[in-house]
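Chain lettering (A, B, C and D) follows the sequence in which the chains are written, and residue indices restart at 1 in each chain.
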Amino acid sequence: MDFELLKKAVWQANLDIVKRGLVELTWGNASGADRDAGVMAIKPSGVGYDDLRPDNMVVVSLATGEVIDGSLRPSSDTPTHLVLYQEFGRIGGVVHTHSNAAVSWAQAERDVPCLGTTHADHFYGAIPVTRRMREEEIMDAYEHNTGVVIVERFREGHIDPGQIPGVLVACHGPFVWGETPASAVKNATVLESVARMAFQTYMLNSKAAPIDQALLDKHHLRKHGTESYYGQD
Amino acid sequence: MDFELLKKAVWQANLDIVKRGLVELTWGNASGADRDAGVMAIKPSGVGYDDLRPDNMVVVSLATGEVIDGSLRPSSDTPTHLVLYQEFGRIGGVVHTHSNAAVSWAQAERDVPCLGTTHADHFYGAIPVTRRMREEEIMDAYEHNTGVVIVERFREGHIDPGQIPGVLVACHGPFVWGETPASAVKNATVLESVARMAFQTYMLNSKAAPIDQALLDKHHLRKHGTESYYGQD
Amino acid sequence: MDFELLKKAVWQANLDIVKRGLVELTWGNASGADRDAGVMAIKPSGVGYDDLRPDNMVVVSLATGEVIDGSLRPSSDTPTHLVLYQEFGRIGGVVHTHSNAAVSWAQAERDVPCLGTTHADHFYGAIPVTRRMREEEIMDAYEHNTGVVIVERFREGHIDPGQIPGVLVACHGPFVWGETPASAVKNATVLESVARMAFQTYMLNSKAAPIDQALLDKHHLRKHGTESYYGQD
Amino acid sequence: MDFELLKKAVWQANLDIVKRGLVELTWGNASGADRDAGVMAIKPSGVGYDDLRPDNMVVVSLATGEVIDGSLRPSSDTPTHLVLYQEFGRIGGVVHTHSNAAVSWAQAERDVPCLGTTHADHFYGAIPVTRRMREEEIMDAYEHNTGVVIVERFREGHIDPGQIPGVLVACHGPFVWGETPASAVKNATVLESVARMAFQTYMLNSKAAPIDQALLDKHHLRKHGTESYYGQD
């Protein structure tokens, strides 16, 4: 089997998170899934972005995490990506960064509320923060359990990962997804931008209120609903 | 009829809002009017800035919004631009962005006060924020009504759109105008800069007071009054 | 008489304030004096930085402000520069900008305290803010009076302009000077940087205290005293 | 003896602190040690980064500070670097900057707490700030005593410089180290980034709590422990 297209898309997404200013040093990784083939491709661990090439992306089984293609070790965050693909059945790309503003909210352990239309255009409500992980979750299978607490947060909060394509892991940072690696990069860019603006909004007005439901519906559905009228499609 | 010059000026303005750091992704649009011809040209909807060319700008009737020239769909914010051209009779360019600091004030639902001469040089007083839009205004003809609440804010506040060439739509972001597309871009740049400085000023001094009327008059009229002595004219 | 070298140094300083990120649009100007010739050269008014050339710098008399060389109108801030050269007898360059952090302190009407060695290396104590100007000072000879309130602030505060080479004009922004146009640019860069760091320091600790006198002496005199041992001289 | 490789590594580190945005003007210096040869190489004093070349790095004795190779005067901070190499026996590179966020914490005289995994990956706990220096420490052998107060802070706080490779000198700024000049640059980059994010975190939540010990252990040991599984080694 040949994963050339998938590896190229994932390589491009890994370069784009750097180009968009979401990543310093090697603090980030992007993956993409080919659900028909039952695999995902992901950045190799600890390799500098300058040295990335499409053919050193690592392909692993979505079901087992076993390496199927590639000679390098996959990103240490691979088990987190796998849980997200397994539990959020329709996503095709995942991005993890330590982008500045998003991490600040994750460290403050606060959801990023939907304060404006920039946010509403891409996330249909607040972007949640997980609970802190418990000692036993950290000691054993930490990266797998990072995915588990994300899924728990969406399940218990009755949040649809198709409508809110991202999360803040408490004291850590954002994981963001989309239908493709490229759309996951786009959503990660949006998250950083709205996190920065929400920060400044609260500094100016500590009682700033989320937007009204009608405006949230309007903006989100204008772009994402079945009657969307944005763009050229 | 040929709109080559108009489309080129509008294309340039759309590139300039990106170049000046006012726009991420596709979050912005610029338009320009030719009042003799009764038309405006505007960015097409959802097209990336890299793919813009003068000849894919869309020309629509100022009176009816009907597409007169161009094969793409105009920006979804077209009805807002139209209301501004219709109601603010002397403006020749309109810019909409989601620039960082301006959006933060829009989300905080606070007017940007005139705290210094940078502001006074270009805006003759506070830059107003609109009220929130009502559910029925959002549900039906949303973009048109966005223009309507802007005009209402200026009318009820007795604000002259020639003296205050911009506004913050609550929970959304700035619309800025000028005599030409290029001057609208300039005013949008100024708005972002003074919004950022006003933010920092309030953090340093929550009781910071607007500048005195004499200084406001001096700076604004030095550049804009009939006895202006700034520049080479 | 030929002012080629002076005009080139002033042209370079005007480009450098843009390159260092201290100026947006045309919000800034730099000048330089030739005291033997009794003149200063300054940026022309309202000309974009892209269009500046050494030979469109304007040379005016230090004593009278009369244009001696050049076909354009000098910067509208020329009378402020003149007062500074007349009253602060040893300075050879003046820079005015609307740089972000410095303007924020000017609008907050707070002196920038000396909170660390970055500041102490270049400014021997707090960077003062002037009082607001009075209506009659604004109405008539505004730019001249801007210089007058700066000089008043230094005189009444017993501040040595050789030790504190810059000031914040209330509700306006910084004027910074030095022995040459290049050193004025350097001091303007320092002012912006220390203003930004002082802002963040106060956000972290609203009771942050200025550095001790011994440390202030050490750092300032290490670079500027008669026994300085910094650099290769 | 020939120090070509050492001087090249130190030259590269001095360029990298500028490239990473940690240094303005000439506010920074990097050094590297060759412990077998008993020397360190360091940036010359007051030389602009554009004029640096490998062969104008200055080589001095680690024991005595005597210049062994090079015709320029070494950085005025040389005595501080020497104390760090002498007291922290395994480090091979030291970087000093006035980077923006780190200086803000140093001026606020607050330790940077470990609020997230970005921090934990590189620093095994809070990054300490020193006490203020006493007048007699400043008056005589100031730069040497700067090193002494750093060492005192680590000794009295029972902090392992191998686990916390950096410090904030009160009212001054960061000194950061590593096994090589390149790793010191990396740690200085991390410090600036986590200082910026910790600042924003506290603005959002003044009661933000450090991460749990289990998470700190997990992240730090994942990269630095004897059973580390990050990267390709």
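Here is the rule we use: a contact is a pair of C-beta atoms (placed from the backbone, for glycine too) under 8 Å apart; a residue touches a chain by one contact, two chains touch by 3 or more.
The structure presented is a predicted model; accordingly, all values stated were derived computationally and were not measured.
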item: For chain A and chain B, chains touching each; value: none
item: Rigid-body rotation angle, chain D and chain A, from Cα fit (steps of 5°); value: 90
item: Label of the chain whose CA centroid is most distant from the centroid of chain D; value: B
item: Copies chain C and chain B - interface residue numbers shared by over half, same or different; value: different
item: Whole-Å separation of chain centres (CA-atom averages), chain B against chain C; value: 33
item: Inter-chain centre distance, chain B versus chain D - centres from mean C-alpha coordinates, in Å; value: 47
item: Multi-partner residues of chain C (each touching 2 or more other chains); value: 203
item: Chain-level touch network, classified as line, ring, star, complete or other; value: ring
item: Touching pairs - complete list by chain label; value: A-B, A-D, B-C, C-D
item: Complex contacts: residues of chain D adjacent to chain C; value: 24-25, 27, 44-47, 72-73, 76, 98, 100-101, 103-110, 132-133, 135, 138-139, 142, 171-173, 199, 202-203
item: Residues of chain D defined as touching chain A within the complex; value: 115-118, 186, 189-190, 193, 196-198, 200-201, 203-205, 208, 211-212, 214-215, 218, 222, 229-232
